[in-house]
Amino acid sequence: MIDKRFESVAALLDGVADLHDGATVLVGGFGDAGVPERLIAGLCALGLRDLTVVSNNAGAGEHGLAALLAAGCVGRMVCSFPRSAGSVVFEELYAAGKVALEIVPQGTLAERIRAGGAGVPAFYTATAYGTPLAEGKESREFDGRGYVLEHAIRADVALVHAATADRWGNLTYAKTARNFNPVMAMAARTTLAEVRELVPMVDPEVVVTPGIFVHRVVEVGR
Amino acid sequence: MIDKRFESVAALLDGVADLHDGATVLVGGFGDAGVPERLIAGLCALGLRDLTVVSNNAGAGEHGLAALLAAGCVGRMVCSFPRSAGSVVFEELYAAGKVALEIVPQGTLAERIRAGGAGVPAFYTATAYGTPLAEGKESREFDGRGYVLEHAIRADVALVHAATADRWGNLTYAKTARNFNPVMAMAARTTLAEVRELVPMVDPEVVVTPGIFVHRVVEVGR
Amino acid sequence: MKTLSAADIARRVAADIADGAYVNLGIGMPMLVADHVPPGREFVLHSENGLLGMGPAPDVADADPDLINAGKQPVTIRPGGSYFHHADSFAMIRGGHIDVSILGGYEVAANGDLANWALPGPKPPAVGGAMDLVAGAKQVWVMLSSHVAKDGTPKVVERCTLPLTGLACVNRIYSDLAVIDVTAAGLVVTDLLAGLEPGQLQAQTGAPLRFADACRPLQPETA
Amino acid sequence: MKTLSAADIARRVAADIADGAYVNLGIGMPMLVADHVPPGREFVLHSENGLLGMGPAPDVADADPDLINAGKQPVTIRPGGSYFHHADSFAMIRGGHIDVSILGGYEVAANGDLANWALPGPKPPAVGGAMDLVAGAKQVWVMLSSHVAKDGTPKVVERCTLPLTGLACVNRIYSDLAVIDVTAAGLVVTDLLAGLEPGQLQAQTGAPLRFADACRPLQPETA
């Protein structure tokens, strides 16, 4: 019987071969909405080093990604907007040269991750053409307009936060807490989901992330 | 007040500037599921010429796309699988050299249309690399594997079939009648939807095609 | 001379948006446009974090941490709205489905180049969705709370000096002094603060201006 | 000598699919695999027209025209299934999320090249999702109802002569006579029809075969 449910965050994280030093980890969320806080805390406890973390923001305060950064687990961040109210930990590490940063336009970030999940190695976008963020990238004209070649992002692990899940790993989300979570779920070798509520079965018409993309789920409440 | 509802198929089709001789028309459906039969019949009645029709199949029997083909409206079909039980009309026109055919792998077709809707002019895919369907196309290696460059498909008009719609044009679909309809809805200058039932408002969590992609809707029953 | 307030500018921008338009409002001043939609007109506001039909901020007690805007502030959803993921959200933007993107700006050039994301300094860079919006929206309008910077330097210039957000992407500029169309033939002033002479606007602008024959007066309404 | 029936081959294929695997079954003979899932094992069948969790055909009276498979036949959905659009469906395929794609074939070459979509003739070409499946699935298995064509021509060949579906994409071949792994070192027979000599299989195969040390006998079970 297919059953992707785990009893606890620790049990879920146990034995995930794709979680290792130097791994690339996609982390869902936008601002504080839809951030897999419990999975990040669990990841933090593993004490890994030199992770590349791909996430729209770089954490705020002392929890979530900020804690992971403060613990020295992260060697490189890939973000569209690492600055936010309270992003002190990241800014200090960045200023000290202790964490590298790749800045990516938000839509390009979303599309690169979606491409990773969809088996598209590279695509062209007009976003950033002619700007400093296109420097060093291939560019090309189609129908007289300039475009930049962008490469897919694939990861070892994705951490996502969802509203409901069933034993097959089908997920739904809550409002704008959906954000990056569904595309990140597609783009990792192992996708781990914390969910607010386990349900017997998600209605097949309203599944947002089909279970094929999800490997382990754990209920964490609200 | 935003209200995209029309009283009849004829009223909906009236004054659509993007419907003209030589137009490119995306037509949803897979087999007989999710085909916008009433809109196709309405289009047929307009008597346009030299249309390029993009649709997974090329019609069967004497209704739907088969009727549009038989009426001499179509100059070119873009399909993954034009043959099916009863695709006599298409096969005869094809044999007589009266309709051109571009054959596209099904996933490449879906992705090219999605790219058109998403503002991606071109992307790489491993599909068809090294096969006759890649002949004449640019190819390129990424990480040692061969890929083909595929270009976006955008259209003047998309005809889609949905289960429910509201006055803002939000759509839901029924089971596998979803198929190509949502991606086609994204990729046309004007998207026309026939729906089984108009509802006061689609639940924002279960909207499949947001109203931004849909310009006119008409209720047609089942 | 009293110039247009931010609310005045927002009111003017809102008046220019067609009924039924899909509009993305940038963080900061552009958000004010939502508060000045003319009576009887319906826009659909897009928030790039996955929301169409964005409504006003809720009362503090009703704030839902799952329902925020691109500025990470609590908002509401209007009837007819929808939720979707980030790739779909930026498909709307990149795919040309947003009618108008309204943004703030540090510099706008006469050819429509825009610089609005990076200032000199030690802070880590951050771009968000600005580059996607200017590349993808059908129309890009820039709101400038003041026509010149605090030190008097023009924000509307011949050529941007700050890092660019996009090339030749701005269609119209709304400042506290004027409304300016960016055309293939250069900058064309369509509205000018009542009482301001064309030469006075030109003196505060770093690129040549033309003035439309039917150039209209702008009246400040609120403080 | 009695060879494996289509049902025998389907039973053997099903036995080789890991529990919990996501599997796409091609139109025709591969569909039989769904009827031979071993007791207690759960696969999730993917249908490229937008369905995960495909179940068996319904009774005629229960057929729902909205619920069909890639062959356009009525099917059902199992608990835990889901519906999605075509781009998402092929993202699953192209993105490497399908564990096994099981297809029919006209020709399979020793290097794993596959030809299974086009035959000579005046009919318009039609490809469907075959090229996406062979390019994207983690494993591609080909089922051959007979090891050779009706005229005795081998289907397993040194080099395909028909138009290719994909390059070096086939991982394993299941025929009525043998199971053959396609490896970097060539074709390796892992299972051979009971009573058939290796030389007899080689004589019906257009490319050199190696035989695994632990080559197992295949027993026909059903007519």
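Should a chain be cited, it is by its letter among A, B, C and D, assigned in written order, with residues numbered from 1 in that chain.
One rule holds for everything that comes next: contacts are C-beta pairs under 8 Å (C-beta built on N, C-alpha and C of every residue); 3 or more make two chains touch, one makes a residue touch a chain.
Being a predicted model, the structure only gives us computed values, none of them experimental.
Listed here as common contacts of subunit A and subunit B: C, D.
Listing every chain that touches subunit A and subunit C alike gives B. C-beta contact counts were set side by side for A-D and B-D; B-D has more. With centres defined as mean CA coordinates, subunit C is found 35 Å away from subunit B.
Averaged C-alpha coordinates put the centre of subunit B at 30 Å from the centre of subunit D. Between the Cα centres of subunit C and subunit D there is a gap of 56 Å.
Among the residues of subunit D, those touching two or more other chains are numbered 77, 83-84, 87, 90, 93-94, 135-136. Shared interface positions of subunit B, defined as residues touching 2 or more other chains, are 111, 114, 118-120, 125-126, 173, 175, 205.
Applying the touch definition to every pair of chains gives A-B, A-C, A-D, B-C, B-D.
Of all the residues in subunit A, the ones that touch subunit D in their complex are 1-2, 114, 116-120, 166-168, 170, 186-187, 201-202, 204-205, 207, 210-213. Of all residues in subunit D, only 47-51, 64-68, 72, 77, 83-87, 89-90, 93-94, 118, 122-132, 135-136, 163-167 touch subunit B in the complex they form. Across the complex, subunit C meets subunit B through its residues 19-20, 22, 42, 44, 46, 52-53, 77, 79-84, 87-88, 90-98, 135-136. For subunit A in complex with subunit C, the residues that touch the partner chain are 30-34, 56, 58, 79-85, 90-91, 94-95, 101, 103-111, 113-114, 125-133, 146, 173-183, 208. By the touch rule above, subunit A contacts subunit B in their complex via residues 111, 115, 118-126, 142-143, 145, 147, 151, 172-173, 175, 205-206.
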